[in-house]
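Heads up, the next two complexes both have chain A, just with different partners, chain B and then chain C.
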Partner chain A sequence: MTTSTPERETPGTPERETPGTPARETTDSATSRLTGQSRSLLAGPDRGRVNRNALRGRPRLYTSYAGDSALLNTPAKRWWTLAVILLALVLPFWLTRDLSHLLSVAMVMAIAGIGLNLLTGYAGQISLGHPFFMALGAYTGAVVAGEPGSIVIGWELDLGIALVLAAVVPGLVGLVVAPLATRVRGLYLAVLTLGLLMLGEQVFKQWASVTGGSGVGRAGALPVLFGNDLEQTYAVGPLLIEPHVSLYLLCLVLLVALAVAARNLARSRTGRAFAAVRDRDIAAEIMGVNLLRTKTLAFVLSSAYAGVAGCLYAILIGRVAPEQWNILFAINLLAIVVIGGVATISGTLIGAAFVVLLPRLLEWLAPWLPFVSTGSGGLITIFQLESILFGALIVLFLILEPRGLFGLWHRIRTYFTTWPFSY
Partner chain B sequence: MSAPLLRAEGVSLRFGGNVALDDVSFEVRPGELFAIIGPNGAGKTSTFNCISGVYRPQAGEITFREESVLGQRPDRIASRGIARTFQNIELFDNLTVLENLLLGRHHVMRAPWWKAMAWLPGTSREEYAARLEIEYLIEFLDLTAVRRHPVGILPYGIKKRIELGRALAMQPELLLLDEPVAGMNAEETEDMARFILDIRSELGLAMIMVEHDMRLVMDLADRVMVIDFGRRIALGTPQEVQRDPAVIAAYLGGATDDVLESVREELS
Partner chain C sequence: MGNLVTAVLAGLGDGAVYALIAVSFVIIFRATGVLNFAQPGLLILGTFFTSVLAVDQGLPFWVAVALAMLIVAVISMGIERVAIRPMIGRPVFSTALVTVGLFIMLLILAFRLFAARARTINDPWQLDQWCLVQGEGSCTVAFYQHHAGKIVVVAVVLAVLGLWLSRSRTGLAMRATSLDQEAALAQGINVGRMFSLAWGIGGALAALAGILLAANGSVVQANDALFALVALPALILGGIDSLRGALVGGLVMGIVSALARTYQPVHAPWLGPNFENVAPYLVMILVLLIRPYGLFGTKEVQRV
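Up next is the complex of A and B:
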C-alpha cells in the first residue's frame, strides 16, 4: 500500500495534557481493567509525564493525545500553514486588483466547497442542489444588507447581520428539506437535490422583489461591516487598504474560521458519525449513531456554509441573476470537491483554487499553446479548451487518484518521508 | 437466581410466507455466556437482528433489564447497553482503527456539534478521555501496530478483533457476538477464545454468541440454545445439548424416532 501513512511514534501511555486533571477519572475506567499496565504508569508519581530530553530532536513523538490529534500535528504542517497564511495576507497588497478579486472568488468557492464536502465527502450524501442554498444565502444577504431598488427590497442593515442570516436562512430551509433528503441515498438523492435546484430557479425567477427577476438580477449586500464601509479606502499605519483588499481579507478571515471549524467537526464525535453513516449506515445505527439526526445535521451545516459563500459571492460578483444558480454551477462545486479530494478540508482549498484559477491560467498560456485561438482562427477556443480540460481532469482524478489533489500531495509526501524505501 | 438480563418470549419473525423465527423463547442471565447454534439459515442472526432493533418481530416480546426493546431504534438500543459484532464484518473501511473504536464510544460522548466546531475545552476533554479508554482496548486486543491504519486494508482476523473492540468500546452490559471465529485458523480461534474469556472474567459481561465452531461453543458457553428452521429445539448446558437427539438429528440428519414422528405430524 503506497497510500498508507508511515507509522508515527506514539507512546502507549500518554501524558495527560493538563496537570490538574484528576488521575482518578482515568484509573477507574471499565476498559482499563482489561490491561493493568497502562493504569499503573498513569497513576505513578510522574503521571506518565515524559522527560523533556526524550522529546528533543523527535518532533513526531507525541506525549499527549492533544498533541497527537491536533489539527497541525507535525512541525512541517505548522510551518507550511504559517507560510501560506502569511502569503495570503500579503498577496492582495502585491497583486493587481483583478487577480486579488479572483483569489477572493476562489476563497468563497472554497467555503461553498467545504460545505459540500461536509455533506458529500464526509457524510456521503451527494448533492447537486448546493447552488440553491448559495442563492438563498446571496438573496438573504442582499435583502438584509442590500440597497433597495425600484423593484427589489433591501433593508441596508450591517453586513455582520447579513452574514449571520445568510447562514441561518439556508440552514433552516435545509432543515425543512432534510427529512425528505435523508430518506433517499446515492443516485436518488442526487436527483432529488437536482429537483430542488430546478424548483429554486423557478421561484427565484418569479420572486422579483427579492431576486430582481429573470434576466435582471440584483446587486448583492452592501459591504458595510460593523459600521465600516468597505468600499472606502482605509489607511492602517503605512498600509492602504483598498476596497478589493478589505473584501479579500473578509473572505480570508471567514474562510480560515469556517475551514478550522469544519476540521474540528471532522475530528470530533460528530465527524466520525458522518463518516460512519457514509461507510455503513446500518452498522452506524447499531453503534448508537442516530441516522436521521446525523444526516440532517450534515445537510443543515452544509447549507449554512453554502449560504455564507453565496452572500459573499454576490458581493464579489456585484450582480447575481436567478439563472446563474444552475446545474453547471453545481457541477463546478462537485468538481472542487472531487479534484481537491473527497473528505479533506485542505484538499477542498486546493480544489477551489484550481477550479477558479485554471481558466485564467489557460488564458495566460494560450499564446504558447498550439491549436488554441485567442481571437479568430485556430482549432479550438480557449473556452472550449477549458471545458475539455475540466471534464478530462474530473475523469482522470476519479480513475487515477480518487482522493484528488490532496491524495496526490499525500503520495508525494509519503514518497519522500519513506525515501529511499518504497513502503 | 437473579433476574434475567435479557428475556425473549415467543418471538416470531416472518418475511412474507418465510418463517425466520417461530415462537423462540430464552433468557440470558447477568454475566452468562449464552450460545446460539444451529444449521445455516436456522435464524441465529435473525435473533440478533431482533434484539438489536434491525428487525421487528411480528409476535413476542424481548425485554432488556425488564424493559422492552421492541419498536426502539437501533441507536437507542445500543445506548441502553447492547453491543454487537457482525458475521460479515461491518467496519467503517475508510476510518482508521482508532476512529472505528472511538465510534463505539459515540453514545457515551455528549459534546454537541457546535462545541466541536470551536473545539471548546469540554469537547477536547471528552475526546481525550475516550481516546484513553480506546488505548486500553487497543493494548488488550493487540492492535497497537495497526492503530493508525485504515481498516479497509487490514486482514480478516484483525478486522474481527477490531469489531470486538468497537463493541467493547460501547461499554455494553450485553455483548452479541455473531460468529466471532468464522473463517479463522486454529491459532486465531484460540486467541479469540482467550479474548472472550478475559472479557468475561474482567468485565463480567453477559454475552450471546452465535458460532459454528462446536468446540469453542462447548468449551466456553454456560448454556446453549439450538435452533433449527426458526424453532428452538434444545436449550441447556453444553453436555445436555450434545446428548439431545433432536440436536443430533438437526446436525447429522439422523432420523431418531421422535424426529420421524414430528416429520409425520407436520406432513399430515
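Up next is the complex of A and C:
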C-alpha cells in the first residue's frame, strides 16, 4: 500500500511536504518497539498525546500526571457527569412542584454535606457542630436579604450579597473557633463541637432580633437575585420558569460550582495536606504540613459551605427556628457523609439524595408495610421507622461498607470492568 | 448564703449522677477505646424497665432497680458483640459514629416504649426534704432526700467498683486489657470477654444513673435521655480515660449547673432560660483551652 503513494505524486505540488510524516511515524514506532517507549510521550509539544486507538478500551491509560489527576480523568466520568447535569437541568420542568422542592433540599443538604466531608472526611476532624454554622449562614442571609418584621431586623439587600455574606460570616466564626479546635484531638473535638452547638442554640434562642426567638423563628432571605424576583414566573423562550424551578436552578448552579471547587481542592496540595493530617497528624507535621494552618483552613472552608447551605435551606424551608439546629440535625449530616461515602464528593451527593428522599420513599412504601401505621396506633410510625433506618444504615454501612454508597458503586464498577476475573 | 448552701447540696446530688454517667463512659472507653454515644439510650432503657417492674409489676423498688440494671447490662453486651466487636482496629471516629447510629435507634425505641402513658418509677424519696436551717415561715437551707440518696448510692457503687477494679483478679485483668490489649492477650486474658464485661458494667451503671436521674417523683419521658449529654462535659473536664476525673468532673459540673440555676435568672437574665443546661459546656470549653486532655486525662502519646 505504501509503495503506491509515491507513484501517484507529481513533483512540484504542495503535497511534496507531507511524505516525510508517515516515514517519521514508522521510525518512531520502530524505536518505540525497540525501547518499549514512545518518543512522542517523552518530549516535545505533543508530549502526553497518544494515538486515539491506543486509548480505546483503556480508560485508565494516562500518559501525563495532569491527565491522571484531572477532575474527570476517564471518558466514562465525563459522559456520566454531562448526563447527570443535563438530567438535573431537565428534571424540574418535568417533576411535580413538591418533588422538585424536595430535590432542591437534597442539593442544599449536599452542599452542607460536602462542607462537612471536607472537614471530617478529608481532614479527619470529627464535628458535631456543623448545624451551628448552617444556622449562622441562615440567619446572616435572613438579616441581610430578609424582610424586617415586628421583632426581627432585615435589610432587604440582594440575595447575591446575602449568599456571599452567608459564606463569609460563618467562615470568620470558624476562623475564631479553629484555634481552640486545633488544640484538641479526636473524641475531645467531637464533644467540643457538640458544646459549640449547644452554646450556639442558647445564643440563637436569646437573640430574638436576629433569629425571631425561641420557638418562633423567622423567614429566610427574600429570593431576589441580582434584581430579579425569583418569586415571579419568567418566560425564557418556550419555557416557563416558575418560582420553584428558579430556586431549584439556583441550588443546582451553586451545588455544581461548590462541588467542583471541593473536588478540585481535594486533588490539590491542600487536599493532600488534609489527607495527611487525617491519616496521621504528627507524621504530617514532620513532613512539613503546617497543622494549625491546615486544620484552620478545613474549619473555615467547611463553615463557609455550611453557611451557604444554611442560607439556601432557610429560603427553601420558609421558616427556621433556633431549636431545629440541634444534635439530630448534626447526626443527619453525619449520616449523609457516612452513608454517601467518607472523603468522596460524588458519594456525598448520593448520600444527600438518599437521606432526603428516604422519608418520601418510605411514605410511598408505607401501604405495603403491614407494621407501619400512619396514625398513633400500630407498631411504629413512619417517622420512627425512618429514624431507626437512619441509625441502622449508619451502623451497617460503617461495619460492612465503610466507603458508603460510593463504595457499593465502586464494587459494582470493579466487578464489571474486571469481568470475567474477580478481584 | 442559704441559697448558696442549698444550691451546692443540690449540685452535689445531681453531680453524683453526672459522675456515675461519666464513669460509665470511662469504663467503656478504657476497655474498648470507644466513646459510647449510645449511653443515653441505655440510660433511658434502664428507667423504662424500672418503671415497668416497679410500677406495673409491683416489685419492690430496689429489686426492680437490680433487675433493670441486669437487663440493660445484657442489652449493652449484646450491642457490643453485634456492632462494636467488628469495628476493632478501625478508626476511633468510625466506631464513635457507629454508637451515634445506635443512639438514634435506642432513642426511637425509647420514644416508642414511653409513648403509651406517663411513667413514674415509684422511688422511695419522692419530693421529701430535710430542713437544715429553719427561717421564718419557710425553709432557708433545704436538702432534698433524693439528692442525699443519690450521693449515698453513687458513693457506694463507685467505692465497690473501685475496690473491685483494684483488688479482684477480673478487675486487674480488665485494667491490663485497657493498658495494652495485645500484652493482655499474651498473658492469657480473654480480651473479648473483658470487652463484654466492660460494656455490661457500663450499661448497668448508665441504667442506674437513669433511674437516679428520674428519682425525684416526677414523670419520666423518653426525651430525658438527652440529660445524659450533660455528663459529656463532665467526662471531658475530668479527662476521657480517668475514673477520678469522671468523679471530680461530675461533681464540679453538678455544682456549676446548680449555681447557674440559682443565680443566673437573677443576676444575668439576658442569658436566657435553661442556661444551666449549657453552662457545663462553657466550663468545659474554658478548661479545654488550658488543658486539651482535661484535668486528669492521659496525654495521648503516639508513635509515628
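The working rule: the second predicted complex is superposed on the first by the 359 of 423 C-alpha atoms of A that agree within 3 Å, B and C clash if a C-alpha of one lies under 4 Å from a C-alpha of the other, contacts with A are read in each partner's own complex, and residues count from 1 in each chain.
We adopt the following convention: a contact is a pair of C-beta atoms (placed from the backbone, for glycine too) under 8 Å apart; a residue touches a chain by one contact, two chains touch by 3 or more.
Small disclaimer: the values here were computed from a predicted structure and weren't measured.
**Q** Between chain B (first) and chain C (second), which does A:Gln206 come into contact with in this model arrangement: first, second, both, or neither?
**A** After superposing on A, A:Gln206 lies in contact with chain C but is clear of chain B.
**Q** Once the shared chain is lined up, is A:Leu252 touching chain B (first), chain C (second), both, or neither of them?
**A** The answer is neither, since A:Leu252 touches no partner chain.
**Q** Scan A:Ile282 for contacts with chain B and chain C and give back first, second, both or neither.
**A** both
**Q** Using the touch definition from the top, say if A:Leu333 reaches chain B (first), chain C (second), both or neither.
**A** It touches nothing on chain B or chain C.
**Q** Applying the document's definition of touch, where does A:Leu187 land relative to chain B and chain C: first, second, both, or neither?
**A** Touch partner of A:Leu187: chain C, not chain B.
**Q** Return first, second, both or neither, reflecting whether A:Ser387 touches chain B, chain C, both chains, or no partner chain.
**A** A:Ser387 sits against chain C, while chain B stays out of touch.
**Q** Once the two structures are superposed, pull the chain A residues common to the chain B and chain C interfaces.
**A** In chain A, positions 280, 282-283, 286 sit in both the chain B and chain C interfaces.
**Q** Which chain B residues qualify as touching chain A in the complex?
**A** Residue list for chain B touching chain A: 52-54, 73-75, 78-79, 84, 86, 90-95, 99, 102-107, 109, 111-113, 116-119, 123-129, 131-137, 139-140, 144-145, 147-150, 153, 166, 168-171, 198-199, 202-203.
**Q** In their complex, what parts of chain A are in touch with chain B?
**A** 1, 4-5, 7-8, 10, 12-14, 16-17, 21, 25-26, 29-35, 37-39, 64-66, 69, 261-262, 264-265, 267-273, 275-276, 278-280, 282-291, 297, 301, 343
**Q** Would you mind writing out the residues of chain C in touch with chain A in their complex?
**A** The contact residues of chain C facing chain A are 35, 83, 86-87, 90, 92-98, 100-105, 107-109, 111-112, 115, 226, 229, 232-233, 235-236, 240, 270-272, 274-275, 277-278, 281-282, 284-285, 288-289, 292-294, 300, 302, 304.
**Q** What part of chain A is in contact with chain C in the complex they form?
**A** Answer in residue numbers: 120, 124, 126, 180, 183-188, 190-192, 194-196, 198-199, 201-202, 205-206, 214, 280, 282-283, 286, 327-328, 331, 334-335, 338, 376, 380, 384, 387-388, 390-395, 398-399, 402.
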